[in-house]
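Look for chain A in each of the two complexes below; its partner is chain B in the first and chain C in the second.
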Partner chain A sequence: MNAINVIARSTISEAMRKKILNAFLMVGFAMIVLTFAFQQFSARQELTLVKGMGLGIISLAGIFITVILSINLIPQEIERRTIYTILAKPVRRYEFLLGKYFGALGTIALNIGLMGIAFVIALAVKQIGNPAAVNPLLMLKGVLMIYMQLVLLCSLAIFFSCFLSPLVNFFLTLALFMIGNLSSFTQDLAKTGGNALVKGFFTVVHYLVPNFGNFQFTNPLLQPDVQVKSEAAFLTQNCIYAVVYASVLLILSVLIFDRREV
Partner chain B sequence: MWKEAFRKNPKLALALIPLIAGVVLLQSRIDPLRSQPAIEPPSIKNVLTGTKGGQLPGEFILGAFSGFRQVIAGLLWVRCDSFFHQGNYDAILPLIRMITWLDPNWMDVYATGGWHLMYNFTDTDQRSDRRYLVPGLSLLNEGIANNPKVYDMYKEKGWNCFDKVKDFSEAAVAYRGALANDPKANTTQVMHALAHSLERSGDIDEAIAVWGQAREAHLKEAASSKDNSQTDSQGAQSAGKNLSLLKIRKAVRPANMQQPIDTQVRVKVKRLASRQIEISGTINIFGTLGNPYFDAGTFDKTGTEIATIGKGVIADGPRDGARMEFRLEDEGYKMVLPTNFDLQVDPSVTIMQDQASIKGGRRVRKGEPYTVLQKNQNMADQRITDSGVYGFSEAQAATLGGIPAAQAVASGAITALAKRMLVNLSYPRAYGKPGVYSEAEVNQFFVQLRGDSLKLGDLGKQNIFIAQKDLLVPGNFTRKIDMTQDPQMYGFVKDKYELVLWFNPRTAPDFVQDRMGWNGEGITDKKYLVETTEPYPWIEHKGAALKPVRMIRVTIKLTKEQLTAPGEAILFEG
Partner chain C sequence: MDSAAAIDIKNLTKQYPVPLKREVVNAVDNLTLTVDQGEIFGFLGANGAGKTTTIKILLGLIYPTEGDASVLGKPAGDNEIKHKISYLPESPYFYEHLTAPEIVTFYAQLFGMSTSDARKKADELVDFVGLGGKNDRNKRVAEFSKGMRQRVGIAQSLINDPTILFYDEPTSGLDAIARRDIRDLMLELKRRGKTMFLSSHQLEDVEMVCHRVSIIHKGKLQVMGSVDELLAGERVEITATGSAAAKALADKVPGTVEAADRAVSIVPAEEVGNVLAVIQGAGGTVVSVIPKRRSLEDLFVEIVGERIDASTGSVSATVTTEDGPANLKRVSANKYKEMMDKE
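For the complex of A and B:
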């Protein structure tokens, strides 16, 4: 566990050296600009736009930070040959891999957290005197869902990085991210597909491709009047889903990385 | 590689089986929660197919399906706003379609879209294109279907039915839907509007009941809320006042309408040129002569107890303020709402709807006061009008053989109503003071007037005379309709048309209803009085039968040739 911890911390500090925090600064700036961007609308509409755009910017920035960070974690170590130095020490391969993964998660959490805080503060300031004001801390539910989505995305990118080049990994991860966002379509096709073969295929796709669309919780935050059934269960199950699915991908990664020639 | 990996570490590989089973199980539990409209609405799939009125621009599709549908919806809404300010109304519609697919819970978009469709598409004379009422209402219905537990969409539909479509019973259904589905429904916005809708539907007892419930709801909210207590107190006061007035009117109107007013409607439709017509005519619209002539009695302002109900209308007469409405449409047209919202309007349909003020009605009877208008005067001074005294032109006055009011007061050759009118003119009741002068007060002031040379002098300065003959000038209306500038709106594709003119007492001002009734009980006309449960035949009602109303309706059959031929012609007179 100590080895995992050390590798994770060094991964975070290395990511910071890459000035990945610049992304946060840019997004934070975007948030402040955003709060003044829609003043031509009514108070309620303005808030809807600010909230929607804010969560969208955090999500978009988070996806790019996650993918770019994760696809390079292992190949870069191999390319620079630093992996030999690490594995020559009493560090197991799975420890190295998990260390890298948790380091990436820490970096993402730092970025998403800072962006989330900037967003909540910007929203709170924006809402001063606004009759349609809502508790800005509620937005953290959306930020949590974005983070859990990125936890899953990161594990997918790390999994592919065990046997694919970064370029292929980049496109494949993003492609699967989009397919995973279309999971309501695959669910429909699994129910209404033409024949048993088609239905069976889409059932497998629906249940086995990571369902990134599960984590879309922006709507209830934007439209506080709509009522969500079993909100707590939905959020909890999604968090568990992300952790369980990420565990599957990490186990597969460990199995492959263990046999990979470096 | 895979085979070897699994073989080398079989325990770890086996651990995958329960985890994958867990993933499948979790997904099967998440699916039903996720598919609820508040989280992921089914309509988002429409943006891919684009078969129902719009297709998402290519640059947005990727974003919408990568989990950024709210962001895309927001961007499209910003674009809508800029189109609106440019006046590019047609461009807004497909965007509204897209946004409501992307975010069907964004109720502001439905509300704005519905309003935009129903109000903003107009001809060059600002007459609404009534064909857009169909997509407008369909859009609001879709908003309700996607947000069934939120009162906002019901409220929007209710208001549009009330104000634009004039389908008061459907408005009441919508407002009731708001109350039934959302316990947080705003009392003022929903219950007050429901009561008004019920009154306009002719369901007075229900309207009274709803005003009572609204008052109770306000009082309850005022007691439990710190922030809105003032709003709710005012709401309770307003509901109580309306409740009282409605109870009083319900009690007094039957007696006030004993002798129906003969409207004596006359209509003339003239073609001025191809696709240009002039609609004109006369009609007697009577109402309470003014505030000093409506005796409500003494009543409790809370509406809970009515101490003494007055006589209601003390004096009546022709009043300005009502409207003659008219509609030219394809013969047999029905406003049928499609099952699904569709932006397209039928280009082969022609509908023109407009209205004209009924004004200029005047009456004086022997022994009653009137004033003579100066050459440049259209109407008498406000104070004279408020006291119920009509003004006549010099030519009209010449037929009345009037004697100066001061002279008539001295001789006493005036009617009891004339006494009251002169008292109201010379000693107007303090502004805002409720009630009317009692008989005793009128007599007392009249005696005072007789000895008040200053006031008598004022009557002379104001050209007040006492008529020696009766004279009734009916109200008139006139409107020119030019349909040449908007060929898309007025296509005149069909061969046969109907021009319908109507006066519906349910949409008339209160002071007219006081004399002519909620349901037209105080109206008669030899030619054009109809008693109907369908005041607007083009609206299809699927629910319970509506309360019958007696209204004036003139239906004129016209052909395309009559409307589009060049040159002047009288199309109808009668």
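For the complex of A and C:
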């Protein structure tokens, strides 16, 4: 556990210095601040827009930060040869991999957390004197769902990084993220697709690709009239889904990385 | 398995597939050797000979295709053994955003040290390798010269007071002062009774530091023995002038360097008579006959050169002389044997 912790902390400290990730973070902040520019709508419409845009920006910046960070974590260590001196120490390969993974999750949490705080503050300021004001802290549920989605995305990218080049990994991970967001669509095709082959294909796609669409929690936060039956159960179920799926991907990653020559 | 051996390699083979072909290349080919505890073992070979591949197998970074490798009686790569060994890779790379004490602290923590103990150890080692000055301590690795990186590499390799050190080209690419410092450090480690598996191109350093030496070529072990054993046998350098004599020497005596109407042959003492006969027979003039102590470099060139001769026929290189570029030729060992057999 000690090695995982040391490697995770080192990964966070290195990642927080990466210019490209900081650029996404800064763009995220700038876009959240830009939401102040909406003046021409009614108070309620304006709040809906600010909330929707804020969560959307956090999600988009988070996706890019996660993918760019995760696809490079392992290949960069091999390419720079920093992995040699680390694995020559009493560090097991699974400890190295998990250290990098938890380091990535910590970095993502920091980025998402900072943008989330900026968003909540921006929203609180925007709501001053607005009759349709809601508790801005409720938005953190949306931020939590975005984070859990990114936890899953990160494990997917790390899994592919054990045997694919960063470029291929980038496109594959993003493609699977998009397909996973269309899970209801793939489910329909699995049921109503033309022939058995098409049905079979979409059934496999539907069950194999992580269901990223599950984590959409923006609507209940934006529309007071849209209610989730049991919000606590919905949030818990999604968190468990993300953790279980990510664990399976990490176990597979460990098995592959254990035999990989570095 | 010999329990006294620090490193035991038996019939080790590592093959890599050739891209787009149904062939494999042997990076290490049926290698067998043993390194005793407390021994400084020189592992020599030209670029691509299989030195780094062997070290990586011993550290568990890559896996052998066939054969066994063990370190301190445990299979190579065993996590328990990693507490007792250390590794300095060729041109070590570290996290660029960290300073030397931060890097050593990071590696010390990987051994399970608490942060305060790790920092204390890092301070000691950074001082030990000569990076303890205020300026050096606060510099990030990104600003370090190659020599400074190498010193950090040595510092990280000493954290656990290792029983066995694997040093891969520790003095490669360093200036004379840094090289001397690192050689002195290796001599100090030798004095302390450490076991070292030293891969190097700097043959003088190996000759000075190592108890035993092995030379590998194309993954195969060529020779192995103590430095004294391998360098035994007097050598004589004979210089002759006259174009016919130079040509005759180049054709008949292996190890001859020929340029214009001059040739220099380095031969075993018992061959001197034959060489002088060749020069006289071709009407040349003997300029000098100088006894020469054989160096590890001579042995290395002899062995690696012979292997090249066996596969290509001869070795040639262009060098610049006072008269401009000249082609130097060395006849192959096989050709020499054939000619001597005929005579």
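In the analysis below, the second predicted complex is superposed on the first by the 246 of 262 C-alpha atoms of A that agree within 3 Å, B and C clash if a C-alpha of one lies under 4 Å from a C-alpha of the other, contacts with A are read in each partner's own complex, and residues count from 1 in each chain.
We adopt the following convention: a residue touches a chain if its C-beta (ideal position, glycine included) is under 8 Å from a C-beta of that chain, and two chains touch if they have at least 3 such contacts.
On a predicted model such as this, the values are computed, not experimentally measured, just so you know.
Novice: Should the superposition on chain A be reported as showing a clash between chain B and chain C, or a fit?
Specialist: fit
Novice: Report for A:92: first if it touches chain B alone, second if chain C alone, otherwise both or neither.
Specialist: Touch status of A:92: second partner only.
Novice: By the touch definition at the top of the document, which applies to A:113: first (chain B), second (chain C), both, or neither?
Specialist: neither
Novice: With both complexes superposed on chain A, which partner does A:178 reach: first (chain B), second (chain C), both or neither?
Specialist: The first partner, chain B, only.
Novice: Does chain B (first) or chain C (second) touch A:75, or do both, or does neither?
Specialist: Once the two structures are laid over each other on A, A:75 reaches no partner at all.
Novice: With both complexes overlaid on chain A, does A:136 touch chain B (first), chain C (second), both or neither?
Specialist: neither
Novice: With the two complexes superposed on chain A, say which partner A:222 touches: chain B (first), chain C (second), both, or neither.
Specialist: first
Novice: Touch test for A:237: chain B only (first), chain C only (second), both, or neither?
Specialist: So A:237 only meets chain B here.
Novice: If you tally the residues of chain A touched by each partner, is the higher count for chain B or for chain C?
Specialist: With both complexes superposed on chain A, more residues of chain A are touched by B.
Novice: For the combined three-chain view, what is the angle at the C-alpha centre of chain A formed with the C-alpha centres of chain B and chain C, to the nearest 10°?
Specialist: Result: 160 degrees at the vertex chain A.
Novice: May I ask you to decide whether A:259 touches chain B, chain C, both, or neither, giving the answer as first, second, both or neither?
Specialist: After superposing on A, A:259 lies in contact with both chain B and chain C.
Novice: By how many Å are the closest C-alpha atoms of chain B and chain C apart after the superposition?
Specialist: When the complexes share the chain A frame, the smallest chain B-chain C C-alpha distance is 13 Å.
Novice: Kindly list the residues of chain A that each of chain B and chain C touches, one partner per complex.
Specialist: 259
Novice: Using the touch definition up top, name the residues of chain A that touch chain B in the complex.
Specialist: Counting only chain A, the residues touching chain B are 38, 40-42, 44-45, 48-49, 52-53, 55-57, 59-60, 149, 163, 177-178, 181-182, 184-185, 187-188, 206-208, 211-220, 222-223, 225-230, 233-234, 237-238, 240-241, 244-245, 247-248, 251-252, 254-256, 258-260.
Novice: For the complex, which residues does chain B have touching chain A?
Specialist: 1-2, 4-6, 8-9, 12-13, 15-16, 19-20, 22-24, 26-31, 33-42, 44-45, 62, 65-71, 73-74, 77-78, 81, 103, 105-108, 147, 149-150, 152
Novice: Give every residue of chain C touching chain A within the complex, in rising order.
Specialist: 56, 59-63, 79-80, 82-83, 85-87, 89, 91-95, 97, 106-107, 109-112, 153, 156, 166
Novice: Can you tell me which positions in chain A touch chain C when the two form their complex?
Specialist: Going by the criterion above, the answer is residues 2-3, 6-7, 10, 13-14, 17, 80-82, 84-92, 259, 261-262.
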